[in-house]
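Below: one structure in structure tokens.
As written, the chains take the letters A, B and C, and residue 1 is the first residue of each chain.
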Amino acid sequence: MEEDDNLIAMKGVWKKYGKLEVLREFNLMASKGQKLVILGPSGSGKSTVLRILMTLEGIDSGEVKIDGESLWTMNQNGIEAAADDAHLHRIRAKVGMVFQGFNLFPHMNALRNITEAMIHVLGVPKSEARERAMALLDEVGLAGRAEAYPWQLSGGQRQRVAIARALALRPKIMLFDEITSALDPELVGEVLNVLRKLARETDITMLIVTHHMSFAKEIADRVVFMDHGEILEDGRPEDVMKNPAHERTRKFLGTVLENV
Amino acid sequence: MIFDWRFALQILPELMRALLVTVQATLAGFAIALVLGMAWALLRRSKSVTFSRTVFWFVEFIRSTPLLVQVYFMFFALPEYGLKLSPLATGVAALGLHYSAYLSEVFRAGIEAVPRGQWEAARALNMSRYRTWTRVILPQAIPPVTPVLGNYLIAMFKDTPMLAAITVMELLQSAKLIGAQTFRYMEPLTLVGLLFLLVSLMSSFIIRRLENKFNTV
Amino acid sequence: MSSTLSLLPPLLAGLAVTLKITAGAAIVALVLSFAAGLARLSPRMWISFSALVYIDIFRGTSALVQLFWAYFALPLFGVRLDAMTVGILVLGLNIGAYGAEVTRGAIQSIPKGQWEAATALNFTASQAMRRIIMPQALVAMLPPFGNLLIELLKSTALVSLITLSELTFQGQVLRSATMRSAEILALTLILYFITAQLLVLFVRIAERRLTHNLDQGGIQ
């Protein structure tokens, strides 16, 4: 019963790319409304965790549950069966994701990038979709750029449209995969501000993969440190950052802090 | 009427002889296409705008009109001007001319892909124009485009049946003749199709390997 | 000069047939390009493999041999088609095989991130293809489709050899009647050339329109 409080539950997950073991016996729980920051060196498997939760990657073994429902299997009259498209479709409705490379649709303007899925996935009437999209653009500070195409926007603006696009489907969980890594340094702030606001004003469960330590400390109510497909630290930000239990964490924090 | 394997086997040697003619015509035609194609590519670089434009439109004309009509033109019209060639020679010349239009584009792309610095270096070394082309530019321009050239070789091979229209004894003509003599078209035409398929697929396979080789270098 | 002009009406009548075959075969080829191109990308092995067999057979053999086979050998199986139908179907099948490779290549050239974003937004696979991937792939397809259209126009000359009275056929008839080979064949070539240039122009305009529509899209 206790388990069902967890919006996200990954248990004993193994994930391999060929011989490379990306996740090893991986466990991660996250409860409703939690703002969880995942830290770790590149190649530690952070992005893979998010991609598995978004169903962009399968797993080799283990169990992944979102909102109490298993991702890769479903219940048919009490018997476990492989998940079909309809099942995945239902679960995906609870999850949104923002990518490092924006992945906006280049043939649609900002407004339509946001309304497209609202209209054709959720079935929201066009006029209402438009209103909601305009409100979201306003939230991310882009009310004036509704008609602009992705190529006419700066990286920071594009990423803010991408956040609005994901929010438009009203997910319970939002995944942010290094969303400032492709940005020029001066554009990082405007995107992080949107995340701050989101963390403060909504009860969306947020999983954030980032390299920005101070930002992590400020926004997260929980920090996880990963290395080689395993979680080494898991706790409140000040504990993990000030008193890490592992030497590897200290090393990582050291190099990251030096670079700041 | 079903496919008669005994008959098919019986006519196979004759078709194989015709395949040899087809391959020979292809190779001869391709040799002409290589030379002419390179000539068009070089002439298009002429400093005279009028001249290079004329070459461009000539090549464009060859490329956007049917090979079959070009074959007819060479076979029926040129004798009016006193130029009479055998059907096979006419066919080979027409194939060569037609494909030179495609190859000139390939060569042009290859030449343009050679970095500017190579020209400048050759000039800095005080190389003659001829030497620059033969020792610096072309040796770099041609190897990367060989797979594309190979694809055009296969395309030309598949166009040789058009020479049947001027009675060249290639594969299709030979099949037609067998058909006319025996009133059986199924076997000769199917065999011709299979022979083409076999040769094209084999050559495509070789070219794909060539492509991979160049991609990995 | 005036006698040269008198050669024009029969040639133009032939050109009309040429255009008819080109248009018919272009439609067949377009449908097949998308059907076989998409089938090649299907995760189901047998679908993808069937498409590969079609593509390799029609790209691996010669268009003229295909025409002869369909016109002279196919009737022996009891399938008797008139020359016009054979011409349109075979040339359509032939160019469609090349078009399928264009379609496949264009779809594969769309970055993986577009598919991932579509999945994250919970589009179904067919919605993602129709709304996200295809509109972008179309822009990449148009120039090679334009080239194939010219190849198609040129290959219609081959149907003269299965007795269809298109432009090349009319030229040959006229030639044997008048023996003015150079004049007639030159005129024939020029008519093909002008038609090809008009088609190129037509494709360029379509290209501009399509890119324009994509840019100006927006919500109605």
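Going forward, contacts are C-beta pairs under 8 Å (C-beta built on N, C-alpha and C of every residue); 3 or more make two chains touch, one makes a residue touch a chain.
This one's a predicted model, so the numbers in the text were calculated from it and none came from an experiment.
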Top of the farthest list for chain A, CA-centroid basis, is B
Chains linked by the largest number of contacting C-beta pairs = B-C
Just how far, in Å, is the C-alpha centre of chain B from the one of chain A?
-> 55
Could you give the separation in Å between the centres of chain A and chain C, each centre being the mean of its C-alpha atoms?
-> 46
For chain B paired with chain C, centre-to-centre distance based on mean C-alpha positions, whole Å = 21
Listed in rising order, chain C residues that touch 2 or more other chains are none
Chain C residues touching chain B - in the complex, by the definition given at the top | 56-57, 59-66, 68-69, 72-73, 76-77, 150, 153-158, 160-161, 168, 171-172, 175, 181-182, 185-186, 188-189, 192-193, 196-197, 200
Interface with chain C, chain A side, in the complex: residues 54-56, 85, 89, 92-93, 95-97, 99, 101, 103-109, 111-112, 115-117, 120-121, 126, 130, 147, 149, 162, 165-166, 169
Contacting residues of chain C [partner chain A, same complex] = 111, 113-114, 116-117, 119-125, 127, 131-132, 135-136, 214-215, 217-220
Complex contact set, residues of chain B against chain C | 1, 61, 64-70, 72-73, 76-77, 79-81, 158-162, 164-165, 171-172, 175-176, 179, 185-186, 189-190, 192-193, 196-197, 200-201, 204
